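Below is the structure I would like to discuss, written out as C-alpha cells.
Chain lettering (A, B, C, D and E) follows the sequence in which the chains are written, and residue indices restart at 1 in each chain.
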Amino acid sequence: MNPVSELKRGIWTENAVLKLGLGLCPALATSSSVENGIGMGVAATFVLICSNVVISAMRKIIPSKVRIPAFIVIIASFVTVVDLVMAGFLPDLHKALGIFIPLIVVNCIILGRAEAYASKNAVLSSAVDGIVMGIGFTVALVAIASVREILGNGSFFGINILGSGFIPMLLMILPPGAFLAIAFLLAGMNQVSAEK
Amino acid sequence: MTGFLIILVSSIFVNNFVLARFLGLCPFMGVSKKIDTAIGMGAAVTFVMAVAAMVTWVIQYFILAKFGIEYLQTIAFILVIASLVQLVEMVIQKTSPVLYQSLGIFLPLITTNCAVLGLAVLNIQVGYSFLESVIFAIGAALGFTLAMVLMAGIRERVDLGPVPKCFQGLPIAFLTAGLMSLAFMGFAGLVKG
Amino acid sequence: MDKTLYISSSPHVHEGGTTAKAMRDVIYALLPCVVLWIYSFGVVQPFIVMLLAIAGCMASEAAWEKVRGLPITIGDGSAAMTGILLALNMPPNSPWWMALLGGVAAIVIGKQVFGGLGYNPFNPALIGRTVLLISFPVQMTTWMMPRTHEITSATPLSEVKMAVGLTGAIPEELQAQLGSVLFGGFGGQLGVLSGFALLAGGCYLIYRKVITWHIPVSFIGSALVLSTIFWLVNSSKYPSPVFHLFTGGLMLGAFFMATDWVTTPITPKGMLIFGAGCGILTILIRLFGGYPEGVAFSILLMNSATPVIDRLTVPKKFGLVTQKG
Amino acid sequence: MIGAVLSLGGIGFLAAVILGFASKKFAVEVDPKEEAILNALPGANCGACGYPGCSGYAKAVASGQVDPSLCTPGGKAVVEKIAQIMGVEAVVADPMVAVVCCQGDNEKAKDKYKYLGVQDCITAQMLAGGPKDCPGGCLGLGTCVAACPFGAIEITPQGLAVIDREKCTGCKKCVSVCPRKVIKMTPKSATVHVLCNSHDKGPMVKSYCKIGCIGCQLCKRTSPEVYEVENFLASVKYDTYDAEQAIAGMEKCPTKCIRDFAAGYPEGSTFKS
Amino acid sequence: MELKTFKGGLHPPDNKAWSEKKAIEVCPLAEGDELVVLLSQHIGAPAEACVKKGDTVKKGQLIATPKGFVSVPIHAPTSGEVVAVEPRLGTAGTRVPAVVIKADGQDAWDDSLAGADPDTLTPQEIKDRIRDAGIVGMGGATFPTHVKLSPPEDKKIDYLILNGVECEPYLTADHRLMIEEPENIIEGILIIKKVLGVEKAIIGIEANKPDAIDLMTKACAGRGIEVGALKVQYPQGAEKQLIYALTGREVPSGGLPMDCGCVVQNVGTAAAINDAVRRGIPLIERIATVSGSAVAEPKNLRIKIGQPLSKLVEYCGGVKGDLGKVIQGGPMMGMAAVSLDIPATRGTSGVLLFSEGQVLKEPEGPCVRCGNCVRACPAFILPTEIAFRTRKGLIDEAEKLNAMDCIECGSCTYICPARIPLIQSLRQAKGAIIAKRRKV
C-alpha cells in the first residue's frame, strides 16, 4: 500500500464529497467558515477512523443480515463520544456545528466506507482508508469553506485578508452561497479531470 | 392553533429543510430527476418522518429522560429510525411493488437521510410538545417534498438542454438548488418561528 | 433542370418573426421608462449604472460563448434586455462595480450555465438583482429621491414595513405622506409617471403579440384583490392597493419580468396560475415577510414552479369532449 | 448504568422483534442470483441483449431461460462471471463490431437535393428519401453518434459516420437507429470490408458516387473464398475470411470501395488503427 | 355577419390574388408527350398495372386495378402507347412503380365508358361507379372516396360537409372551380347526399372568396344545400377544424369525422363524382394552381394526371428568375419536390415555384418557450414540448403529450420565432409511435 497514492485517492480520485457526492449535508451546512469546516472534518475523520477499525475488527463476528444496524450502533457510539468531548472542550465550535454533530451518524461517507471497505478488509488497511477518506472530506470542506469565507466575509480562518475596502458578498455565507460554491467547485473539478 | 400554523409555514417555506437547513441533501439530489419519483419519495419521507417524530419523542421523554441517559439520544434515535425505515421498506415492497421499484435504492437511503434524524434531534432541542413535534415533522416533510418536486420539474427541463459538459450532473443540480434557495430567501421573516 | 433544389419539411412559408425581433420589441417597450428613469435620477449616474449593467451582461455572455467555442449571440438582444431590466431593478445611485457584477451574475449563473438562451429556469435579471440584494443589502437599499437626488434609504415599502414592525400600525404622518408616492415623493420611486410608461410599454408588447395579457392581468389583478382585502380589514396597518400598485417593481415585474418567455408557463391556463401566484406571493412578502419588496422573490419562486405548472396544465386535446346528442 | 443498558437493550430488542415479525409477514422472494448478475453486468443499459436494461436481462438470465452470453458490451469477462454465477459453461462469441458500409462523403457522393431542417438522419430520410442520391449511402447527420452509448462514432468533417473499432462494443444501437441500414455488424477479427451499401447497377452508382461498388466482380474473381457479389454489390464472406486473400481482392477494386481498417480509417476520421 | 371559425390556428398572407381572377385553362398535350402515371396516387394499397409495354390504350381505359378495399383503379389519361411499366421518380422523391404512356395526340375516348342517371341507381351502384372511376379526395389527401362514403351501419351521418375552404395560401383551384362549374359541384353533392342518405349538406367557404360565396348561395337556394361563410383562418380546411367551425361538433380524438356524424368531401371531389356517375368519366384530370414567385405567369390549369410538372410550368411562361424550391400542394402542407421532372398526380392541387430568396434558410435557434406554437395549434397540443422530447428519443413521453393528435398543419412551425422545424419532429414522433404500437 503506497501512502501517497492512497492519499491521492482520498483527496482526489475518490473524494467522497466532490467526486462521489456523499456527505453533502454537513459539507454545505458547516462550511460557512474555514474554522467550522475543519472542526467538522476532524470530528468526522475521528469517527471514520474509529468506526472503520472497530467494524473491521468485528467483521467476522457480525452476521451479514444485521450488519447495517450493527454498523450504525458502532458509529453512533463514537459520535456520542465526539459530541461529549466537543461539548466539554470546544463549546463554541460545538455550538456552531449544532445538530450536525449528532448527524455525523447518518453521514453517508462513514456508513459507506464501513460497508464498502471496512467490512471486507483488515484492520490496518481499514484504518488507513479511514484516515485518507477523512482527510479527503476535510480538504473538501476547507475548499468549500475557503471560497465562502473569503468571498462572503473577506477573511480566511477568521483573519481579515482582503482589507477593509472589500465589501463582502453576504450571499456566500448564506445557504444559496453554499450551493453555488459547491456547484462551481464541482464543475471546476470536472473540467480539470476532463482536461487531464 | 396559530402556533401550529406558524410551525407549519415556517418549516415548509421559511426554514425549508433542504434549501435553508441543508438536511436531506443526498436523497434530494438523488431522487429529484423525475417528478413522479420525487412525489413518491416525498410521500415515503413524510410518513417516516411523522412516525419517527412520534416514536423518538416518546423515547426521549419516557425512557431517556426517565433514566437520565439523554447522552444516549443519538444511538437510541438512530436505532429506532433505522428499524422504522426497514419496516416501511418491507411493507412497501409487499404492498406496492411499483412504488418500490421506482424508489428503488432510495428507501434505505431514508435511514441515512439526515433529515429524519435531524428532525428528531431538533424536536428535542427546541422542546416541542408531542403534537408540535408531529406538526413540525409533517411541515418539514412537506417542505422537503415541495423542494424536491419543484427541483425535479426544473431538472427535467434542464436535462433537455445543452448544459456545458463540466456542469452536467451534480454541479448543475447544485446550482439549480442554489437558485431555488435564493428564491426561497424571499420567505425569510415571513413568520417568526 | 440541373439545379439541385432545396427540400425541407412543410410549411414552406414563415410568419417572419424572429427571437431577435421580439427582444428588440421588448427593448423598445422599455425605452420610455428607461429615459424617464435616467432623467429623473440625475442623468449621469443612472446612465452609468444602466450602461455598466448592459455591458456586464453582454460582455460576460460574449466571453462565456467565446471560451466554450459557441457562436456569439449578443446580437439577439437578450443580454442587453437582461442588462436593462437589471439596472431598472437597482438603485440608480448604485456603485459602478455592483452594476457590472450584477450583470455578470445574471448572465453566468442565471443563464449560461444552463446552456444559454431558452434553457434557463430562472429570470436572469432577477437572479442578478437578488444576488446583489442578498450580498450587498446596504448598497441595494440606499436609494435616491427623484428630482432632488437626495440619498435616502427610505423607500415607501421599507418605511411602511419599519413602522408596522415597530408600532404595529402605519403612523398618521406617514399615512398622510404615502399619497405622495404617486408623484415620486419617496426614494427610488417614480410613481404614476413610470407606471404609465410601463403600462404603455406593456400594451405595446401585447399589441405586437410579444406577450399575452394573461400574466400581467392575473399578476396585477391578484395583487390588487389581495391587498384590497387586507386594506379593508385594517387600513391603519395595511396600505391601500393603489399604493401597492405604484410602488416597488410591481408594474415592471408584471409587464416585463413575469412575462419572460423562457421562465414562465407556455399554456394560457398556466400563465394565469403563474401570474396569480406572483401577485399573491408579492403581497404576502410585502406585508408579512422580512423583505420590504417581494416582486423579485415572488417571480423567482414562481419560476421554480413553472415546470410543475406546465405539467399540470397540459391542455385538453382537441376532440376529448364527449359528444352530446 | 444499568438503566442505560436496559433501556437501550430494550429498544433494540423491541425493534428486532418487530422487524423479525415483519420480515416474515412481508417477505418478498428476490432471487439472489438476479442481484449477483446485475452487479456483474456493466450497467450501460444499452439494450443490446434485447431486454429493457441491465436489470431486465439479469432477471431473464436468473430465470435460467436465457443465454448468459447476450451482453456484448461486457465482453468475455462478464459472460464468464455470469456463467459462474449460474453455474454453466461459458460460451463466448467472437466479438462483433459495427462498420459503416459507406465512404460516400460530401465530396464523393452526389446530393439529390439541399436539405434544410432537423439535423437528424431519421427525419431527413422521411423527406424524399434522404438528401443523398444514393439510396443506401450514409447521410452523415449523426443520429448514430447520438445513439452510441460508448462515444465510438464520429462524423468526419466531410460528413461521413465512422466507427472506432476499439471503442465499439457491438451493442447494435447504431444499427437499429440508422434509417438507411448502412451500418453492419462484422467480426472484430476481420479488418477488410466492402464499404458500400448500394444495390444499384454500375452506371447508376457511378452517376452519383465516386467510391461506390459497381458490381464489377473483380474482387470475387481474385479471391472467390472471401468475396461474393450479389445484386450488384460485393460483400465479404466472414465465415471464410482470410486476411491475405481479402487484401488481394481489395487491391483489385477499381473504385477503392473496399478498405482495410488495419491500414487506416476513411479520410477525415480522427480514429487511429 | 358573424363568421364562424375554430379555435387556434393563424392567418398567413394568402397570396391568392396572383391567380384567383384567372379562368381555368387546359394545359395542352401534344403528340409524343410522355405521361407518367404513378400506381400509388392515393392513400392505401397501390394499384397493380394491368397493361404492359407495347399496349395501346384509349383515354379513360383502365390501366391498373385496385388491391384491397382501401385502394382505387387507375385509368389512362389520354390515348397512346404504353412505353414502359417501371419505377419512376415520384412525388415523394423516390422511385415508385408507374405506367408510362406516349400520347398519340388523338386523345380518343374509350367507347365503353358510359354515364347513367343517378336517380335510377341504388346507393351501392353509385358507390361502385365512384370506386371504378378511381375517385379520391381532391383536396390533396387523396383518400379513396368510396371508403369515406361507406360508414359502418351503426354510425348515423347527420351532416355532409363540403370543403370549399381552400385555406392554403396561393391555391385558387377550388375557388375557380366553384365559380366556373357550380352546377357540376351541386349535382355531385346531390349524388353524395343520396349515397349517404343525409338531409343536411353545408358548403364551407372562407370569407376571402366573396364571389364564390354569393354564387354558390344563389345556386344552392332551394336545393337542400347550405353555404356557410367562414372567417379566414388556417387550417380551416382540415376536416376536424372544418366540422367544428360549421357544426360546433368535435371529432373525438383518434376518431374519424363519421364518429361525430359528419362526412367531409372536397368540392373538387363532388365535381369529379358527378363526372364519374353521370358521364362515366374516370378521374384522369384535375384542376391545379401554378403559382409562386418563380413562375412567369401564375394560372389555374386543367391538367392531365401524369403530365410532368415542367410541362405545366412551361405553359405558364416557364421559370422566372432563380428557382429554389418546387412545392406540390400549398405552402403550408405541400411537399417539396426534388425536381420538376416528377409527374402530376391526383393529389396535385397546386405547383408552387419559390425563388431562391424565398427559401427559408435561417438556422434554427433555441426554443425560447414563447408559446406561439401552443396558441396556434388547432389540436391543442404542445408542439415544442413534444418536439424536444422526440429529439431526445423520449417517444413514450411524446405519446403521453398527445403527439398522435397532431394534424401536421404546420401552424406551429409557421409562427415559431426561433425557426424550429417543429412539425418535422412531430412527424417523426408520430412515425415512431405508430411503429411502436405495431410492435406491441
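A few remarks follow.
Throughout what follows, a residue touches a chain if its C-beta (ideal position, glycine included) is under 8 Å from a C-beta of that chain, and two chains touch if they have at least 3 such contacts.
No experiment lies behind these values; they were computed from the predicted model shown.
Between chain A and chain E, the least number of touching-chain steps is 2. Chain centres here are means of the Cα atoms, and by that rule the chain farthest away from chain A is E. Of all the chains, the one whose CA centre sits at the greatest distance from that of chain D is C. By the count of C-beta pairs in contact, the leading chain pair is C-E.
Chain centres here are Cα means. That of chain B falls 33 Å from that of chain C. Inter-chain centre distance (chain C to chain E, centres taken as mean C-alpha positions): 48 Å. Averaged C-alpha coordinates put the centre of chain B at 43 Å from the centre of chain D. Listed for chain D are residues 12, 112-113, 116-118, 123, 127-128, each touching two or more other chains. Those residues of chain E in touch with two or more other chains are numbered 93, 335-338, 359-361, 421, 424, 427. For chain C, the set of residues touching two or more other chains reads 5-9, 109, 113, 115-116, 118-119, 131, 134, 310.
Those residues of chain E that touch chain D in the shared complex are 92-94, 335-338, 359-361, 364, 391, 393, 421, 424-425, 427-428, 431. By the touch criterion given at the top, residues 388-389, 392 of chain E touch chain B in their complex. The touching residues of chain E, counted against chain C in their complex, run 10, 12, 93, 169, 240, 244, 249-255, 259-260, 310, 323-327, 331-341, 352, 354, 359-362, 365-372, 374-375, 378-382, 384-385, 401-402, 405, 408, 410, 413-415, 417-419, 421, 423-424, 427.
Those residues of chain B lying in contact with chain A across their complex are 19-26, 29, 71-75, 78-79, 82-83, 108, 111-114, 116-118, 121-122, 125, 164-168, 170-175, 177-179, 181-182, 185. On chain A, the positions that touch chain C within their shared complex are 167-172, 174, 176, 180, 187.
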